[in-house]
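After this come two complexes, each holding subunit A, first together with subunit B and then together with subunit C.
And then the complex of A and B:
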């Protein structure tokens, strides 16, 4: 089966600093694939490179079609949509303005009203706060908004960068539930996350990153059961 | 635009169009100043207000437009020379836009100021080498003609700025203002949009510069490359509220009136009072008049 998203020999970084080295990965259609690793492992840089935001060498394909030469906005048009680390909502705009502006790609412009209704249906909390400035939302609500904004662009592959970062445990659980729900509905997801236990428990496949390279991979549950993984990542 | 706002705008336009027949020469000079600053500030706001890229280099576009008109005076008809001045200014913005708009924040501010000074001294040196540091222009149009033409450009600037704000380009520029990297993640082609908006914001200032060069029969480059023109544009936009479509118009009109009052009543304190006004707005009302009047969001 052709991977929904694949990278081959991908290296990426900032100027002379190479942060991600020779990464090869594949995300099968309709699966949740996790990138786990400690701070500084290169997860965010890798997601940025896949989204076209970070300079990279190597091959990236979407459904077999090369993305390497495409700018970030062209990758969004192809369906590769990133929810950046730290949410990064447009703080000065209202919730509804944040969502409407996210239907930017020509491919989805005609579906803005329908997609907006779907996002509000999925996140009633956002509907209640549609006229509220996004910067005044709680962290969890901002994460919902960031995910909702990505859904406005009708992603074929959703890249989630640390979606539970700085969230209270109960809010983080809610975000994991949202991700699981999106996965259950058939959305292809590549998620970088530091909560190794919860992430591996729900991931169809996972890549372990350290020092900018992939050091191991396997089914999420299988990795979770390995003693060396438990020792290294869970302190058990 | 609501019907009431449409009627008000139409009445204001009709009144502005009738100004040459309603006021004396002094009043017409003030009206000409007002039309000029509205055209310049509203044009500047296409990028500066919508995307918050603060250009201190717009005097370069104004000066280039002036130069095109002055050097083609009595060679090309004015209806050709003025738009040509706008096109040259726009083409220059397009050319420098790609490298200049790679930086943002204070770096962009300083870079645009530097480029305007570079253009000024390049022109001065070329003029000095040609032995043409100043020029006499015979048969320049009267103030009534200049006013009506500048008023037309001010209206054009308002229409263009309003269309941009309502367009996909405007939405993309707002996203850039809010967060440039995130704008990329929702699919905004930020490089193309910023450069296009920069060029668009330069065209009308080029045309205005062409017209303003004809206010006097005596022309010298320092008049049209004076950095105070850029500072004044930014001040007017900040005072009015650059993020709102009405802000640059309000700011320009208010400062033209305040300037005249200060010149007439306190010429020694003119620049001091303007400086205090700017500081006051930046500290206490960073959103300008329109920002201060806007209903706060919940």
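And then the complex of A and C:
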């Protein structure tokens, strides 16, 4: 089966600093794939490279079609949509404006009203706060907004970068529930996340990263059961 | 006596006209700075070029300045595109801090070149237009047609731009790029294209403002500098990148200058403008409006 998203020999970094080296990975359609690793392992850089935000060498394909030469907005047009680390909502814009601007891609521009209604149906809290400046939302609400914003672009592959970063435990659980729900609806997801236990428990497949390279991979549950993984990532 | 002066509708009208002009000029600079972080210290020179377009159109063909204003705006777009292709796309490759510093120097140099080229082409002698100077009396206020046109067109353009920013996808994209350029790219906004569009709009608005102001100002190669200062006061007072705040700040600056002169003397006009600039930088560099409280 052709992978929904695949990278081959991908290296990426900032200026002369190469952060991700020779990474090869594949995300099968309709699966949740996790990127797990300690801080500085290169997870965010890898997601940024896949989204076209970080300079990279190597091949990236979506359903077999090359994305390498495409700018970030062109990758969104193709269906690769990133929910960035730290949410990065437009603080001075209202919740509704944040969502409407995410339907900028020509492929989805005509569906903006329908998608907005769907996002508000999924996240009633955002509907209640639709005229509020996004910068005044709580961290959890901002994360919902960031995910809702990505859904406005009708992603074929959703890249989630640390979606529970800096969130209270109860809010983090709610975000994992959202991710599980999206996964259950058949959305293809590649997620970098610090909560290794919960992430591996729900992932169909996972890649372990260290020092910018992939050092191991396997089914999420299988990795979770391994003693070396427990020691290295869960402190057990 | 002072209270009579302050309550004078004539003074109010003058303040509105001057403020609307400042708001328009400031709006152009705000679009360029907000989306591209370019410190265009030659912004007033675009006003000067627009004024010359209006002057020569009127002198050579009799075309009134309001009808020459679209031509001045078109000249602004052409200059923006030429500048983008020739210089700015290289400048934009630098980091954010270097863009501001480099653009300041680049535009400072360009400003001197443009002013001197204008002096060579048109001489340094000031020129003036006499057109639309019939006086209309409304509620005891004497208004020349030219000032009415400036007020209406400036408010219409500012209002149109602000509505367009809220109601259209390209307007929202400009707001998104002003707010967070990287996040705009993440959600699929064609950031380079939006920046180019904002540059076109900013230069076009400055040119259009120049064509309108040519009806009430002396036209000369060095007339732009006060407008550059006014535009910077407007965008700092209104909040950098806050386009609606800038329009309000422009009107406010017009009131400060007109009422300040009325309460002192006409010789204080420039001092009030530059004094406001210094005062804003010292007392309220973050602008009048409080930024929304950000929880990260």
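Convention: the second predicted complex is superposed on the first by the 236 of 236 C-alpha atoms of A that agree within 3 Å, B and C clash if a C-alpha of one lies under 4 Å from a C-alpha of the other, contacts with A are read in each partner's own complex, and residues count from 1 in each chain.
Definition applied: a contact is a pair of C-beta atoms (placed from the backbone, for glycine too) under 8 Å apart; a residue touches a chain by one contact, two chains touch by 3 or more.
If you're wondering where the values come from, they're calculated on a predicted model, not measured in any experiment.
Asks: Based on the superposition on subunit A, does the combination of subunit B and subunit C result in a clash or a fit?
Replies: Partners clash after overlay.
Asks: Classify the contacts of A:149 with the two partner chains as first (subunit B alone), second (subunit C alone), both, or neither.
Replies: Touch partners of A:149: subunit B and subunit C.
Asks: Regarding the shared-chain residue A:137, is it in contact with subunit B (first), subunit C (second), both, or neither?
Replies: The answer is second: A:137 touches subunit C but not subunit B.
Asks: Would you check which partner chain A:53 touches, where first means subunit B only, second means subunit C only, and both and neither mean what they say?
Replies: So A:53 meets both subunit B and subunit C here.
Asks: Which holds for A:73: it touches subunit B only (first), subunit C only (second), both, or neither?
Replies: both
Asks: Of the two partner chains, subunit B (first) and subunit C (second), which one does A:24 touch, if any: first, second, both, or neither?
Replies: Touch partners of A:24: none, neither subunit B nor subunit C.
Asks: Where on subunit A do the contacts with subunit B and the contacts with subunit C coincide?
Replies: In subunit A, positions 51, 53, 71-73, 76-77, 81-82, 84, 88-93, 101-102, 104-105, 109, 133, 136, 149-150, 152-153 sit in both the subunit B and subunit C interfaces.
Asks: Would you tell me which residues of subunit A are touching subunit B in their complex?
Replies: 51-53, 71-73, 76-77, 81-84, 88-94, 101-102, 104-105, 109, 131-133, 136, 149-150, 152-153
Asks: In the complex formed with subunit A, which residues of subunit C make contact?
Replies: The touching residues are 166, 169, 172-173, 175-176, 179-180, 182-192, 242, 291-296.
Asks: Okay, in this complex, where on subunit B does subunit A touch?
Replies: 168, 171-172, 174-175, 177-179, 181-182, 184-191, 297-298
Asks: So in the complex, which bits of subunit A are touching subunit C?
Replies: Touching subunit C: residues 51, 53, 71-73, 76-77, 81-82, 84, 86-93, 97, 100-105, 109, 112, 133, 135-139, 142, 149-150, 152-153, 166 of subunit A.
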